[in-house]
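Structures incoming, each one as structure tokens.
Note that subunit A is present in both complexes that follow, paired respectively with subunit B and with subunit C.
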Partner chain A sequence: MARPAIQPLEIETGFVDDHAAATASLPGAATQGVERENAIKVFAVDGLPHRRLEDYRYFDLRQMLAKVGPLAVTPGADNATASDDANDVFANIDRYVAVVINGRLDTSKSDLTGLPEGVAFTSYADAVDADWVKAAFNSAEGPQDSVAALNRAYASDGVAVRVSAGVKVDKPIEVRWLSAGDTGTHYHARSVVVVEEGADLTLLETRGDDASAPVFATNTLRLVVGDKATLRHAAVYADSEASVRVAQKSVTLGEAADYQTLGLAVGAGRARTGEHVHFAGEDAKGAINGLSLLRGKAVMDNTLFVDHAVPNCDSEETFRSVLDDASRGVFQGSILVRKDAQKIDSQMQARALLLSRKAEMDAKPMLEIYADDVICAHGSAIGEPDQNAIFYLMSRGIDEKTARALLVAGFLDDVVDGFDDGDIAAALKTLLAARLGAPDDMGQEVAL
Partner chain B sequence: MAAVQETVRDVEGLGQGDKYKYGFYTDIESDKAPKGLNEDIVRFISAKKGEPEWMLEYRLEAFRRWLDMEEPDWAKVNYPKIDYQDYYYYSAPKTQGDGPKSLDEVDPELLRTYEKLGIPLNEQKMLAGVAVDAVFDSVSVVTTFKEKLSEAGVIFCPISEAVHSHPELVKEYLGSVVPSTDNYFAALNAAVFSDGSFVYIPKGVRCPMELSTYFRINERDTGQFERTLIIADEGSYVSYLEGCTAPMRDEHQLHAAVVELITHYDAEIKYSTVQNWYPGDEDGKGGIFNFVTKRGDCRGDNSKISWTQVETGSAVTWKYPSCVLRGDNSSGEFYSIAISNGAQQVDSGTKMIHLGKNTKSRIISKGISAGKSSNAYRGMVSIYPNAEDARNFTQCDSLLIGDRCSAHTVPYIESRNPTAVLEHEATTSKLSEDQLFYCQARGLPEEEAVALLVNGFCREVLQQLPMEFAVEAQKLVGISLEGSVG
Partner chain C sequence: MLEIKDLHVEVGGKEILKGINLTLQPGEVHAVMGPNGSGKSTLSYTLAGRSGYDVTGGSILFNGKDLTDLEPNERAAAGVFLAFQYPTEVPGVTTMTFLKTALNAVRVARGEDELDAVRFLKLVREKAKALNISDDMLKRPLNVGFSGGEKKRAETLQMALLEPTFAVLDETDSGLDVDAMRVVAEGVNALRSPERSMLVITHYQRLLDHIVPDHVHILSDGKIVKSGPKELAREVEESGYADIKSDAA
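And then the complex of A and B:
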């Protein structure tokens, strides 16, 4: 049907009109200028993605931002805060910490002392012209949509980490994404992490804001896991209801690489994680997991694309959502097995528990298979907590609220337990338990 | 095993495109509209059928809508752009006088065609339980067993006849499930539909026989636009069979059918299809474009609609038989076998829309791709907020034979009610070498072994077919996969 031209939103025209002035104050104005200008031209044509685009069918960014007035690019601030969950989750783990405020690395608040030799850690803006950063981004695959263009156009800062071949980083590196600003802000961060051949890194991310003002952020993360290298990645998203966020991860796995990621969304914001995992070397393994424990009007969209381009790789994708109030979980997962990528074993699972009448789950687990000698499967199940199991627990003397919390905790912990680092798994489980009021704090109000 | 033996014999006799069994051409002078599509053609079709004014208006409105619509491009199929002005939109076999009064009056050429097709029309009256409404290039020529049906009060006639004989029913139901604004091909169909079947089962009647239609595309460059409307009134039951073959043609042929099913309180419709139209040759030359909109509306409580399809033919298939589960306790089923070989492209699946309480749906889809074909399942299960205790089970299995074909699964699962339980499973794998080896070790030739294993893979769906279809379908499974191994 002939579609009428879409009237640009105030926020969209704002992005385009303010671009020149706003980016002048961003780091790397001299070196990134041309790319930024080209990117904003692309965005000016396409605008924000909306539900008529298949990829954003369940995450109508245009509608989400329709009522948000123009946002400003604000510099970093001293009073940047994060939600308690984001603050506390990894507090007891011995780690390096990088603090990024409004998309700019704040070295004064970061604690990176003692990083082993062979680990290069800088701000993205400082490293943007380095050959290895350019190479990493030039080889990146993933959607070139208008969000990617906006991110490019306003690219501010982020982190750039390179772990040299054979180096095993002794402690996890945590990147904390904070935001500050009284009137609302938008920022667009870019980061790159390269784990070279045989190296080993655990990367943590925490993200959260305290709902003082609207935040719209896009975050591009480029991960390169070299041959025989290992990358464990865990992220906690504790966004407030005032935030709208789109994270785009592009991952490339080398030969016999081992990649593991777990994203845990416990916030009330509207967020999307788009992950593109490209198997470029044989015998690589990937475990891509996502958990959501949502309330209020939260939306968590996990959009995943797994590209099996070479033979003999295994991938496992497990996504689980627990949805309360009027929250909405989205899973769009796609496994592509290219021609001649034989002997692939790929298992994708998306499950959801709906706890409220207004909650909603939308799942789209897709397979696209061009090679015949593969085992690929996906499963999806949506329902409410098993009444029989609740009845059983109650018959053993456990009150209903605790029984429900136990079931929900079990549903989520199952995936956390699979994470390859016991301390981190324990930290995540503590966070979930606190949220659920079970099983550690039996008798406490169930937070859900 | 007899069926398998027969399959092997058939395979020997058939093979690829150039040997297509039904690829003959009957030379009957056609009564054609000029090529192309415009308002005059729509008026011509309507006038040719002597339709009342309201029907013409319906067509014209759909046509105007169609002009503003865009051809959908989301399906996983590739085909050259269709020039809609390059088709004939009406052709009818010429008959002597006003129409045949009995089988003797039917054009003998036509009868011979049916014989080759394996429809024993001469024996129809003796054959138990099947009434055939034979559609030959858009116009129903012969309808048998009418007497027995009318005794039961069942109306089974060409839709062009129903427009005159039962205008109140056609007016009430036509387009009420698939409105002409639904999609591009539905709009096209509404504008130019040639003919099709109309079935009305009155209250409390269990249709005394299985109703069946054979469609056949014959004339060169003829678009076929069938329109089928089946209404099952309260407490009634009908099983409807649709089977298709088409002669070989080099030009792509377009088929855009619309099928609408309506079940009222406690009624049930079982709709089975075997589709084995000409799939084109190995390089994708020729073959049918099959763009079909099929939808059932479980309007009344406790009603049921069941779709079973065996899709082996057509160059390009775009087909999603769906159920709108409106009434409480209503249920929808979709059983499908889609086989693609050569250069065929299939994008098929279903939609189950749960609106009422305690609604149930079951989807079993078996996709088999061989050669360099592409086979996609695309389906949606949507639970609306009021669909208390709704239940869905979906299983989509894909089987790959050879390393040049592809299989895709694109399910959409949406739940907005916590009491609903949805399960979805999908697997993709290749034909087990172990099983194949075992069968061969027991003396079965490879091709026979493949047919046997694939028939086993499809068993859950084949079981759903009425007897006479099941036999044909089982043969087709083997024939369709001919040349796919080794």
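And then the complex of A and C:
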């Protein structure tokens, strides 16, 4: 079918025209050249995704970048800052830290000393030709859209982590994504994390910037959780108003794998996380959670595809948004249960609290089921804070503002409480309480 | 200390309370009994200041101050407490966090200092123990998944912590078996004092065997149709509300 002629945006033309020159200075120019060239050709045809594509219906990337002129790829910098307190959310947790600036791993700012034997940690650029990295990406089922092509075309760097079979990593690894430069920039990071059979890893991500000029970044994250392996993943997104971000996660779960992820968006920018979770082995469990606490004109789009390809797996998808001012939340969730994938238990729920008349939530949960012996449910509810609960709290002496803050924090904490690491959950709850002006949670102190 | 004068209340444009008069002296326990739909819960919500319960006439004087102008939290600070018939579940807010927030809000409003975590925990443990409330319960989200008995014990704990001078107990016996009711009633009785008055709202007389009132009032169709000593409760139990109403007519 003939494609309707769309006048390419300045920024789209820039991505294509600048490609050869810009990628010459990126890591891995020698080995990744051909793949990058092929990818930019795909992008040149498709351009940025827009609202007429179902997947991007509520996140019109083309329109968001329409007035942004051509952006430059800028190298990493010494002065990357992110003053948002969300970036220090895990400061009190004993952890390894990897700092990635403008899509490039900065080893001088990272602290990975003492990583146990059996954990390989390198920059993505250094690992790109390794067989295990290639294998991980070749088996990825993630979306093949034009953002993926752009990411591939400009792939700079990121992290590559491999936890060998049976190794339980003693402390979480945090990857901090920072941006630098005030002239406007774009960059495209790629990372891979493989947790081999029986291994155990907690992966943290924090993302933020103090950008005053537009930042457009894409971030591909490939996660492979092997047989009987455990991966806990928590990410905090605190982007500045100037930034537009698209993260694409592709996850494969082996037999009896245990995967849980919690993405928390508290930033002012416009961001999207597209996640594709592929259940490849039986008896695996996946808990996929997304929380958004937005104000101003912030946008957070969680677009999720869960592929139950094999029997006897459980998945839980819980997404909650608290939207103030003119912020907007998006949830598009789709669960596919294939024909032979019997005994699947899958529960998907999207809820939102609207704190302002101008706030907006678009929720579209979908089930596609071809097996006949499954328990699957989805639900969506959008409303205002519970008046009964506000009255109840006020009748105990708590003023209305604090009562609302407590309720809203509770709405999100309820999901955070399910995270299988108490210290990380507590850190996230402290952040939420601070953002909302709610009293700090006392749950931990009771145990003293 | 509490003087309700010719109180008229509308809910959703419909008049529910049609001229209530009631006076409680310090230390007194009054019971308000009445059939379903007589306005018992409306009276308790109105006293606590719930929005949507519009006072269209009369006044509620509490220690000389008209409560009708005050927000629910201001009434709590002034010393009013409502033990709910159906305590609201508040997901994600642990009971302990809630208790500390409420207690310190009330203490600050009363000109007292805030309790730090250590002093607060000591106090709450002491009071919780007397009501057979475990640490586990305090760690759980407020009222979420609590049994009927747990909810009412949690209400009593809140009352013990906030130390109101006037407490309304709205159908405190509903949803409780005899044993659970006894525990709650003991907790309430322990809080009786010469300074504290209580309004016990109930459909059945059985609660009044445990929390013995000084006076009993019968509420019917938004008005108090009969008042008397504690024996009036037993009369109602034996003859039913229908006869009482006909007495008044």
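Worth pointing out:
Here, the second predicted complex is superposed on the first by the 434 of 448 C-alpha atoms of A that agree within 3 Å, B and C clash if a C-alpha of one lies under 4 Å from a C-alpha of the other, contacts with A are read in each partner's own complex, and residues count from 1 in each chain.
Going forward, contacts are C-beta pairs under 8 Å (C-beta built on N, C-alpha and C of every residue); 3 or more make two chains touch, one makes a residue touch a chain.
Everything numeric in this text was worked out from a predicted model, so none of it was measured.
In this overlay on subunit A, subunit B fits alongside subunit C without clashing. Residue contacts after overlaying the shared chain place A:L393 against subunit C, while subunit B stays out of touching range. In the overlay built on the shared chain, the residue A:L204 is in contact with neither subunit B nor subunit C.
Touch criterion not met for A:A298: it reaches neither subunit B nor subunit C. By the touch criterion defined above, A:S356 reaches subunit B but does not reach subunit C. Once the two complexes are overlaid on the shared chain, A:K339 sits against subunit B while remaining clear of subunit C.
Using the contact criterion defined above for the overlaid structures, shared-chain residue A:A409 touches subunit C, although it does not reach subunit B. Contacts of A:V73 after superposition: neither subunit B nor subunit C is touched.
Nearest C-alpha atoms belonging to subunit B and subunit C sit 16 Å apart in the superposition, given in whole angstrom. According to the touch criterion, subunit A has no shared surface contacted by subunit B in one complex and subunit C in the other. Those residues of subunit B that touch subunit A in the complex are listed here as 68-70, 74, 385, 398, 400-430.
Of all the residues in subunit C, the ones that touch subunit A in their complex are 48-51, 71-73, 75-77, 81-82, 84, 87-94, 96-98, 100-103, 105-106, 109, 117, 121, 135, 138-139, 141, 158, 162. Per the touch definition, subunit A reaches subunit C in the complex via residues 386-389, 391-400, 402-403, 406-407, 409-415, 417, 439-443, 445-448. Residues of subunit A touching subunit B in their complex: 1-2, 54, 339-340, 342, 352, 354-384.
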